[in-house]
């Protein structure tokens, strides 16, 4: 393997490391929330990271066919977000729920 | 826009039917589709189609530039140890009024620096935009009006 | 790799079962979904693992030139995913309809088919 | 037997069922007069079986039949000897009279045709029982008598007492039937024979078999329940709820005699052992005493007769158990006599009831003028029952005392029992026969007349036969008593007793019996009061016991079922998963199928990351405060699974998993918009700990099993085959897809059927609303 | 969810996804994909359409009831299997033929029809579910 | 030529992954939903887009290039819409802006009307 | 890759397929075709019954032809896609599968007839007949497939179809019952799938004949005991064996009666079938090790089942527990594992399919004429509807194992087999169960049929026209009585099935003819 090839392997390693870290950080946001839209946003972000991850794995293994999965993710990944958005919207009138959901996050801590 | 999409669809159909999904074949299909659209120009009004393509390309390039810039700014903001944020939502008065144009504008705004389209008012006169730095809403409004909105109007009118 | 997967599968099973043991129908359904994943991973692992090489024959060759991941378990898992998804969707809507009709999503409260305090059958003749 | 004869016997056995089939139609057309036609059936069968008497009296036996169920060694075969032919004649002879009697008794009853049908079916079953050779054929007929008697006893189904009596008879005799079945199967297993004729020919094979005791007890279980031996006697008096023709038939020559028949039939192979000679006399004697004492208590004519039937059955069992030549002869004589006089007396009782509207002996009297023929029949029957000289009953009684004798302590005791029993039966027999007719005329609910010929013909014939058969005792012994005794004893014997009394102990005992009987007859009222007092003091009997058992069974079942099937899904799930954990861990432990300790896996860091994300997602689902968080977290683990698939060379799986997870979350979210949100989990801590234990054990068990499986050397033949031929024959480069649509396309066909049906079922779920008034039609979108 | 922005983009997005789904369906025999994944993508497309623009435009667009489409898909798949009957080969045997469409040789096979059936079943069923759930109910 | 492509690919994936990480950090650090969305919809999109482009360059196969570009386009098409929908829904549902937000034009009464809720209500089960 | 370089005979069967072989596919393929068509004409509800009955009768004909073929020539095989076994999915019909498929289709046809009355336009529009057809496809597939993963797929097909049938009507009781049914059954089939994953991981094959011939070799290395116990549990759950039978009493009384009839008759028998197939044919050594456990399970199931029946007031719930009790009786034969025992089990399965279906239909007629299912409220039927009294009697005798109906001979065989095996306690349990069944159903009979309607005039409830019910029951009573009075042909079939299980060589030889020739 020549130098550029070694660089590529190194780059893959770095990229995968960064992506792994990104995954974990985003998962933390899913866990801590605090509100439902925050979690949904983080889930959406996971999909975004996954697309990159797939691309890097495709490069690493040479099996570019993984790209199709990325395309599908790009297309449908946002379906979940749409569904949740729709859900959040439909709960608009349940003010109580939202209050509980947001209590002590934007209100207490930050202000 | 609609015509171009139809053109793309025609191209895709071509690739499917011809059984080889390769870029040259797609481009060939696209050209065939364009020709087909040209044949029916009187019914669908595709006259300015090719001229407009140039302006669309220019819009796309602007967008790409803005996207990179935007990502860079987010990076700086996020990585700065003390984030100094003045976020807020401002109402942007729309000049464009077609659904397609509003949508395009909103999406471009979302993908570019510090702004994010939240909603369009019911009367379609305002676009509500969330800005990460909303200390000067007028400045932001001006940027949009001079930038994307103007380009969109150039490209699609 | 099978070892790691076996461990992961254990946790999947355990979590799925823990959820299914609760009294809330939605939690049970989440458990069902995870249960399905656990089984799918089991099938996949049981067919032995192979890193990264998909069972797809290169365009130029009649058969794969290198060892690929085992295709059969993948096909089995695919079938199983589809089936468990269908069942999951059904269960979900069923739970929702049950909630509508019964007014509860707590299985302790779902006592219509087998109500509490039913009388004994007649003791005479 | 010639082929023609075999065919005729076969027809004869089926004829009652054929007659039963046409009875309703016939009765609809001819009303009660259908009895004359229907009675032809048993009469013809009687004639058919009479034809065998000659050859059998010369010591022949006949067995013939057809192959029925060769796989189970069951033949539809019959065995004709003195015992079975006598029974067949009694069943069909008395059956003829009963059919006629029923024609009169149920005249105008709306379901008379049904009644004929039932009683003819019963007759057919009983007939089949006594002639059956194959064990299982016998058993089938045995059970059929239980079932048809259920229908007959419950004939008057709108009364609770009838229903109770019917069920009771069904349960008690059903219990016996199962015992009999087990007994027969044990005999089959022990001796290898499957028919009575073969068993009788096998000499002492059964007696020497190690399972003799089991076989004996099981057979006795069948015989004692059917023949109403104490403590199973209670169903018989209750069966008096049936219309009188039923009582007259079931309790004279049939049903209850089936047990006795069985004991007599098996005496040559089961008898002559200490167990036999102890158990049978013991239970028989007890039954005799209990039956007579309880009979004293009764005022209802039918019940008085019923309890004496119990007593008589006890006597028969006792005699059969003693098993000596004389005792068996006595049993045979008494059985024949009893069939005749008891049939007659029941019919008399029914006739009195039918004409006067009551059968309470205390409310009857002075009917001799109004019902002279009935009176004659009653007296004739009672004389036989009481053992008055010149009657067949007398022969029986003489032979009983001759058979028992005063030989030793045990038989002396039995003789005493017989003496007391016979004395009491004498009294009750005459009470039934005389009390309604003699004395001053008592006002009865109906104004009594002599009944029509259909009603009095039966009792008169049977009563008369009791006299005639004794007068021609030489002939009747030759044709009936001796062959039957020989059959029961398993060796040729000749019965000689005649109407001329023996001089000696039997005569003395007979005299004592009569004296005792007259004494009791005179004091019957006082005895009745005394018995009533005693019974009240005891306050409990097997009859109440039956109710208690039934109620107790229901209550017990109710409690047990409510514990097991308690309607709580979480309990069901817990039990199920405990079973899962046990199903994996126990065999794994017992058969040492544990996995070996594995090496720590070597994997690149990003694979660890993906696994970690999956595990975090799982944890998040559990710890989620609300369900929405749980759903989002569900997305994480599904997502991780998809990445695992991708990293392990399964793009199709990864693709599908991403799609499916997304759609799962979408559908969850769509549905959740309709659900109220409440906290996710409020189980008490104890329950949570239990659940954690169960889930953890299960998970570990299934994971261990997976690990174990992956340690088996693997045969990759299938996957190799698919790789090899996927492209060259199936024209596809994506092997997974080729498996799905070609190699294993049938799986996929089923899979899409699942998808389709799930879609339809969900549509049905969403669209169909439970019926609410008014909205019904609109909802059918 | 009928916001102007979403409503404007959704139809295009839907048609794009449908195209992509057919692409995935047709190349499934050689590359990752196939009827099932294609069907899922198509169903997602209609779900998005339905969420954005309401259910009745989707129903009108599909013309047939989604469950009827699903039934048709099953029929197509089953018939692909039964076709073997005419060729003295067992059920579900792949039968291949080349036909010329406008001079371009195209491989036709029962296997392809089978996969199309799978696609239709999944499309029909999942769409039916999504639409049924999307429709607002009474009470 | 291969060397150039290798290096380009390597650089693109590192940059792309870095942007993705920045987006993730942003999601974690930024104070409210609306500001976090900025990180996700910009840095995240760019990051993954770059890595897809890297794949296209690496593959040097027209079919792959086409699909990679298509993926980027699809992605650019859907990302802003999901951001918009989520933001709008969250706002309409009552999730407040961060306390130190300086401006809120949507908080006017007119915005009540701006929320057009809920969807068509068709009961028919046509054909 | 030119075609001529490939020797197809290494991968594919080259012999042409005879038309008769298609009888193997028809019991699955026809219902799927008809189900699909029915779905396409979903709104033409008037056509449904006709199409479905036509489809079922065709299927029944194919089943009959298959059964005759199997009885005459031994196991029949068709390997799908022409791929050599074990690579393709082999449908393999032996006497067991073919006979059960036939009986199941028979009762399904009768149910389809009854459904013409029981299922209204709404039920039809929302898929009653497609559900029914696909249920039968699943059941038929389960009985005929020779591939264990394929068996799982057919299990799921009939499971999801049963869900559909169960919720048709959407009353609160149905939804409650269906929830428990669905979740517990899902656990059951998922366990089945898990076990199959382990099996594949151990054997590397899925073809049952292949597994059967490799089991001896695998016994050294593979965890076959654990595997077998897992299958026992999974299929035991499907068969509703104690202690994993909760789902059945929780749900069988909730759907439309025709659905309950079909379920009560057919579904648990598929579980029993799978137990026989897997435990007896694939893992005979393990089964023998487990026979004691199975015997206890059998005894517990039959006794607790019938006690459950005694404890109920609702006729449908009584019947649900009677179904369970019958499963216990069938498991007795599995525990014994002898030819007589298995023959008894299979014969009992025939009986149970017919009798339980008929009993549920009877319950439907009772409800229609008596206005209730509750023993507390019913009565006064005997006087007005003697024919119903007769049907009820025959069916009661059938399940109680009394002559002249179908339950007698299988019970005798099982008692005999357990005595032969030296397990008198098991025969005692069977006989006790028979007695308790007599009590349970006898009580039901006298209370519901004989007794006058509590508190009302006897003939008040006379409302419905029971024509369909009588017709359906009559159709079922014919084989029920035939099995009672002339069981020989049934026993022959059951015996053939049992011996085919015990000696799998014919089955294996049919799938791998080359091996048989050696």
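As written, the chain order gives the labels A, B, C, D, E, F and G, with residue 1 at the start of each chain.
Heads up, the rule we're going with is that a residue touches a chain if its C-beta (ideal position, glycine included) is under 8 Å from a C-beta of that chain, and two chains touch if they have at least 3 such contacts.
None of the values given here were measured: they were computed from a predicted structure.
Of all chains present, the one whose mean CA position sits nearest the global mean of protein CA atoms is G.
Looking at A-E and A-F side by side, the one with more C-beta contacts is A-F. Each chain gets a centre from the mean of its Cα atoms; for subunit A and subunit G, those two points are 48 Å apart. Centre to centre, using the average C-alpha position, subunit A and subunit B are separated by 24 Å. Distance from the subunit D centre to the subunit E centre is 60 Å, each centre being the mean of its Cα atoms. Residues of subunit B in contact with two or more other chains: 21, 106-107, 117, 119-120.
Annotation for subunit E: residues 1, 3, 5-6, 9, 13, 16, 30-33, 36-37, 41, 44, 47, 51, 65, 67-68, 70-71, 73-74, 78, 81, 91-92, 94, 122, 125-126, 129, 133-135 touch two or more other chains. Shared contact sites, meaning residues of subunit A that touch two or more other chains, fall at 16-17, 19, 23, 40, 42, 57, 63, 65-66, 68-69, 71-72, 75-77, 79, 82-86, 89-91. Within the complex formed with subunit A, the residues of subunit E that make contact are 1, 6, 13, 16-17, 20, 24, 31-33, 37, 41, 44, 47-48, 51.
Interface residues of subunit E, counted against subunit D in their complex, comprise 28-37, 40-41, 43-44, 47, 66-67, 70-71, 73-74, 77-78, 81, 91-92, 94, 96, 107, 109, 111, 114-115, 117-118, 121-122, 124-126, 128-130, 132-135, 137.
Residue ranges on subunit B touching subunit F, taken from their complex, read 21-24, 26, 67-68, 70-71, 74-75, 77-79, 83, 85-91, 106-108, 110-114, 116-122, 126, 128, 130-132, 134-135, 137. Of all residues in subunit G, only 13, 16-17, 21-22, 25, 29, 32-33, 35-40, 42-43, 78-82, 88, 91, 130 touch subunit E in the complex they form. Partner subunit D is touched in their complex by these residues of subunit C: 1-24, 26-30, 33-34, 37-38, 40-42, 44-59, 61-64, 68-72, 74-79, 81-83, 85-90, 92-97, 99-101, 105, 107-108, 110-111, 113-116, 120-121, 123-125.
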